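As structure tokens, here come the structures.
In what comes next, chain A is part of two complexes: it sits with chain B in the first one and with chain C in the second one.
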Partner chain A sequence: MTTATTSTSKVAADTSGGSLRFYGVWLLGIAALIVLPMIFSSGGSLTSFSLIGIAIVFALSYNILLGQTGLLSFGHAVHYGLGGFAACHMMNAVVSHGWPIPLPFIPLFGGLGGLIFAVIIGWVMTKRAGTVFAMISLGIGELVASSSLILRSVFGGESGITTDRTALPKMLGWSFGSQLQVYYLIAFWLVLSTIAMYALTRTPLGRISNAVRDNPERVQFIGYDPHVVRYLAFCFAGFFAGVAGGLAAINFEIANSAYLGAIQSGFVLFSTFIGGTAYFFGPILGAIMVTYLQLGLANLTSAWQLYFGIIFIGIVMFSPGGIAGLLMMHRPLVRAGTLWTVIPSYLVAVVPTLAFACGVILTIETVARYSTGEAINLFGIGFKPTSPITWIAAAVLVVGGAFIARLSWRQIAEAWDRAATIARDRGYVA
Partner chain B sequence: MSGAVSDKGAAIEVRAVEKRFGNVGIIRDLNLSVAQGERHAIIGPNGAGKSTTFNLISGHIKPTSGEVRLNGDVISGLRPFEINRRGLSRSFQVTNVFARMTVWENVRCAVLWATGHRYAFWKNVDSLPEVRERTAQILDDIHLTHRRDVPAGLLTYAEQRELEIGITIAGGATVVMLDEPTAGMSHAETDRAVSLIRRLTEGKTLVIVEHDMSVVFGLADRISVLVYGHIIASGTPEEIRRDPKVKEAYLGEEAH
Partner chain C sequence: MLELVVISTLNGVLFGMLLFLLSSGLTVIFSMMGVLNFAHASFYMLGAFFGFQLTKWIGFWPALVLAPLLVGAIGMAVERYGLRNTHKHGHVAELLLTFGLAFAIEEIVSMIWGKSPLDYRVPALLDFPAFTIFSTNYPAYKIFMLAVSVIIFVALLIVLKRTRVGLIVQAALTHPHMVGHLGHNVGRVFMAVFGVGSALAGLAGVIAGPALVTQSDMAASLGPILFVVIVFGGLGSLPGAFIASLVIGLVQTFAVALDGSLASALGPLDPSAGPSVLTDIWNVTIAQVAPIVPYVLLVIILIVRPMGLMGTRES
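Up next, the complex of A and B:
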């Protein structure tokens, strides 16, 4: 998964070492998925892993649009939600008709739900890229979300459509009553979808999608209709979003209008962008981080969405390549063997940067909890939001931290320039 | 003149083409004929409509009236990719490559349609031998093999211009149109580019817009002179050099 979807075209099979590493990464990922619930076996962590798995499939499907084809969608949750509803209806139909379809096949119908809507709506939507596409996707998103509350027979109104996953025919003795079995079902579809979406990036269509992203005008002069390319990419993205929605429907045993709303669309945009759109594995990192933060932060603070906003703005401004971009920046340095010259400046920067971050957190929490007077617990230290001592501490940390942190960041930049120049001279650009 | 003249007639035939933007006529009664296998240069002062002519022929913009034929078939009104699939390929005056993709990917994308892989999403693009061979061949032709894994946006200007030519010819088009391929190049780079163009368009029809007169007179079999959206003369380099209208309208202007 270290191969960039954009730049490096190194055929993995070129060298046996490269192919070994390539398959090694995949096998390691699969092994981790199998072993994880054995290490963290509490119900809470199983639920978290399940949600993260769903979020990864969803974010990867979104990156087919954003990262690979250059389409910014504000309504991707439509396909996720419709996939969820399709899966719920299918599960109920299987139960009431007694069809011999076990639960593990249900996400496929979720995918079909997302795909069919994409096939119908996509041709008009993908006629143009850029702002036009973004605006239409926003409109379609709102349209479907509000329709879901009106069309009660299909969407079940406010309460949504409920289902019982254990009522489906068993497969290999698995009834999927426990969260552990659901986790493995999600993990199975996660692996399947990830492989499929990765393979898609390495097909003629996948490469031409990149070309459409970079330069839709020029694509027309090498024989391709960018509209068709965008449409096909849109259909694939819709299918895999539907698979994710189907998995969510299995996990929660319900599909409701929240599945296809703007919040869900924003969530997937967040995850994908924070993770990084330029590399295939970026959205995986983003989905893990955002889902984990969402689950963790929501328990800690009522202002958790504010932190999300800050993280998102920080990434957009300082690291448009996301986490993956930050990581991959280091690849030429690792290859050229100059990474060690940068590490000390990183270590120096850790303390002031953390101090600055603590100051920001303390400020936000003081404001958020001022009226309730609820105490703030920051790394074991208690602060009273009404106490001037807290305010002074926050101010000192923010101002002092920012001042020293800026100096240390400048050190990093200088160390970076030196290391990158050496790497470039040695012929490592990426 | 090189290349055999096919019984289909002219490679490109532009008949009475007009292009208006609002009330402004950019191209007026344009007539142009390029024979099969000919190297045809279009020259003219700035703003004469040379790039517009390219855009009209390649389908980038549609003519207001008149028709364009490619190998005898009417192509005016077709979309650019439809015209490209019929064997006409063009480059751009402003470098127009896929900046975030590598040199290898750039050329390979330009090979995919012609090798019949189109929108395939069931084939591994790395395991298509004919695509790989053709891409490698073109990279070799444009001398960029050593830069194959560099993102196109990081190439030098001259390299980007060479890549531009590589992308243009990669699909195996029989009619190649190059819009100022040597613009902004040094003398040495220009010489290199000209010999590259000469070699890569061997046996093909070439239409070229160029400001560098040494390139034009060295490369072209025939020259058309475009002034204010109208072709005032068309002929061999010798004829053009002697043509009094051309001297007055164009070469005279350039001389001072």
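Up next, the complex of A and C:
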């Protein structure tokens, strides 16, 4: 009896201490969202923040499928795009009918657009998981994307549907004409949907989704139908993707067939997987990084998409947990206080790894700029893509860098094993 | 009308056989290794671009042999250094790896050869009309394509059904561990099968390049159709893939050739109703619908028969 009471009080104490930190992280995030535009107030950074916010909602919705239910979809942009179209049509309808619906409620209709399609098509799609689901989602994605060009009255053909967000009824005196106000609208919906999606992972449905991902057969044994669970997860993912699409429609004041296409689907898959699917915050990291890189790299090089492909392949092959997985690997070491034993080997490995990366970049840029002859500027050093010196430098960096990096990574693995063993002995397990 | 039927049937069978060159490799790789190779259509594209480049340097006929070999070598490297290392992370990771590869290959191709279509010509030796049918000249090159596809089909059938190698491959399809216990190097069998599958895709690219468009988006446009073919036929079933290839090839070719719409069949709608979804559907021609026909077939087969036409296994 006494042991029972002590253990419950201990659990309660743990959760209260944990919950303080838990709410602290959320409040910190919200505070950052409010303060960010005051620090970086230029138009360019506001646009970037808005895009990143949309990408985060989209990536989190995708992770309901990939990370939590184990469904790999190649057509998630369908819900995003349909949400965007639904939001655009709703905005135009509000304006023409004079309904008293202000702009901040519009993403809800975007979500409904994504949800309705998921409800209709989801039952057939989620009959099977795994590779078959992936193929079907690809097929459905192509079907919707091609159909959108045929049904011109709904999707507006090539040019899409335009709208005017300032024509809607004002709310609290905000007309949403400026990018700052749009940013706060997106931030508001970002917080709302992030909390909702996090809460979803804590519900029995979220838990049984994880079980369906890991072992659908046993889920069947305990009396659940994996098909129903997959279907429900699919509908939730469709709804939040629709919200993201609605936010995008508000931000750009247009919805067109590019919203629905394979490129958009690939983009969300990249963001989510690079960020890491195993942790809730993984897709947030991924969306921030991929959107930021996309905006930054597109100005620097014509081959920026290739870099994405290479980063993605690297993550799939060497760190399937994504960036979040890499970070969380260090948690037991930090707790056990053995992280410092690994850091020297990291510092040693940085040099050859960077050299290898520079060699790869130099090779790609040489090929990309060979025909134009445009000079490559790598850390202030100019390289001519047509000169053999560049080729030799690239080859030396790639081959030498790869060789030495391999050795140094082996060192890391050994140091890591030692540190992890000590951490395990002290009782900290990943 | 008869002319249209005959020409479209010829073209449809041709397109179907081309699809089968690709889907056969994809199916065998899938049923053996459980990996759906997303980059398969990219190997087809690489075949076309290698074919174009080698034709420029050394002529079409050496290119016809060399380009598939090159693509096959790349495929083997992908299996040996990519998929084999990713295998421990599960099938989703393998699928994602090939997805990333498909993305990267498209970018590399458009980086080297540009985004616009290439001038990949039919070789002079085959640049003449084979026969004239109802006043339409049917090009000899298409007959050559058909012949190559049929020869490969027959050769594949003989190798798989009549040789010792085929026996091992078939056994490894269903019982890879047992084959390993019997002393065969299953890893090497997988690598070889992956290489041959990629080489077949490359060959399809070399011969399809001059007849269709050789462009950096050809993989992205053919890839989804290829997946429709193998899901439609039943994952892992070669006969299913064969039938599905022909069905999709024929259906799509006929759809492109037909110019009818509901409006032309039943008369135009009342114009006073204004534009709506109904008028869109009413006025669209079958040719315009052609790109979505394979996906509609996919949805129908999934509702009616979820395991595909000849499939036996559930996912």
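General remarks:
Here is the rule we go by: the second predicted complex is superposed on the first by the 415 of 430 C-alpha atoms of A that agree within 3 Å, B and C clash if a C-alpha of one lies under 4 Å from a C-alpha of the other, contacts with A are read in each partner's own complex, and residues count from 1 in each chain.
We adopt the following convention: a residue touches a chain if its C-beta (ideal position, glycine included) is under 8 Å from a C-beta of that chain, and two chains touch if they have at least 3 such contacts.
Everything numeric in this text was worked out from a predicted model, so none of it was measured.
When the two structures are aligned on the shared chain, A:116 is found in touch with neither chain B nor chain C.
Once chain A of one complex is fitted onto chain A of the other, the partner contacts of A:55 are absent, as it touches neither chain B nor chain C.
In the superposed pair of complexes, A:138 makes contact with chain C only, with no contact to chain B. After overlaying the two complexes on the shared chain, residue contacts for A:398 are found with neither chain B nor chain C. In the superposed model, A:274 lies in contact with neither chain B nor chain C. In the superposed model, A:147 makes contact with chain C only, not with chain B.
Applying the stated contact rule after C-alpha superposition, one finds that A:64 touches neither chain B nor chain C. Across the superposed pair, chain B and chain C touch chain A at no common residue. Of all the residues in chain A, the ones that touch chain B in their complex are 6-13, 199-200, 202-208, 210-211, 213-215, 217-225, 228-229, 232, 236, 278, 429-430. Interface residues of chain C, counted against chain A in their complex, comprise 30, 34, 36, 82, 85-86, 89, 91-93, 95-97, 99-101, 103-104, 107-108, 111-112, 220, 224, 227-228, 230-231, 235, 275-277, 279-281, 284, 288-289, 291-292, 294-296, 298-299, 302-303, 306, 314-315.
Residue ranges of chain A in contact with chain C, taken from their complex: 70, 72, 74, 124, 127-136, 138-140, 142-143, 146-147, 150-154, 262, 266, 269, 273, 302-303, 305-306, 308-310, 312-313, 316-317, 320, 364, 367-368. The touching residues of chain B, when paired with chain A in their complex, are 58-59, 79-81, 84-85, 89-90, 92, 96-102, 104-105, 108-110, 112-114, 117-126, 128, 148-151, 154, 167-168, 170-171.
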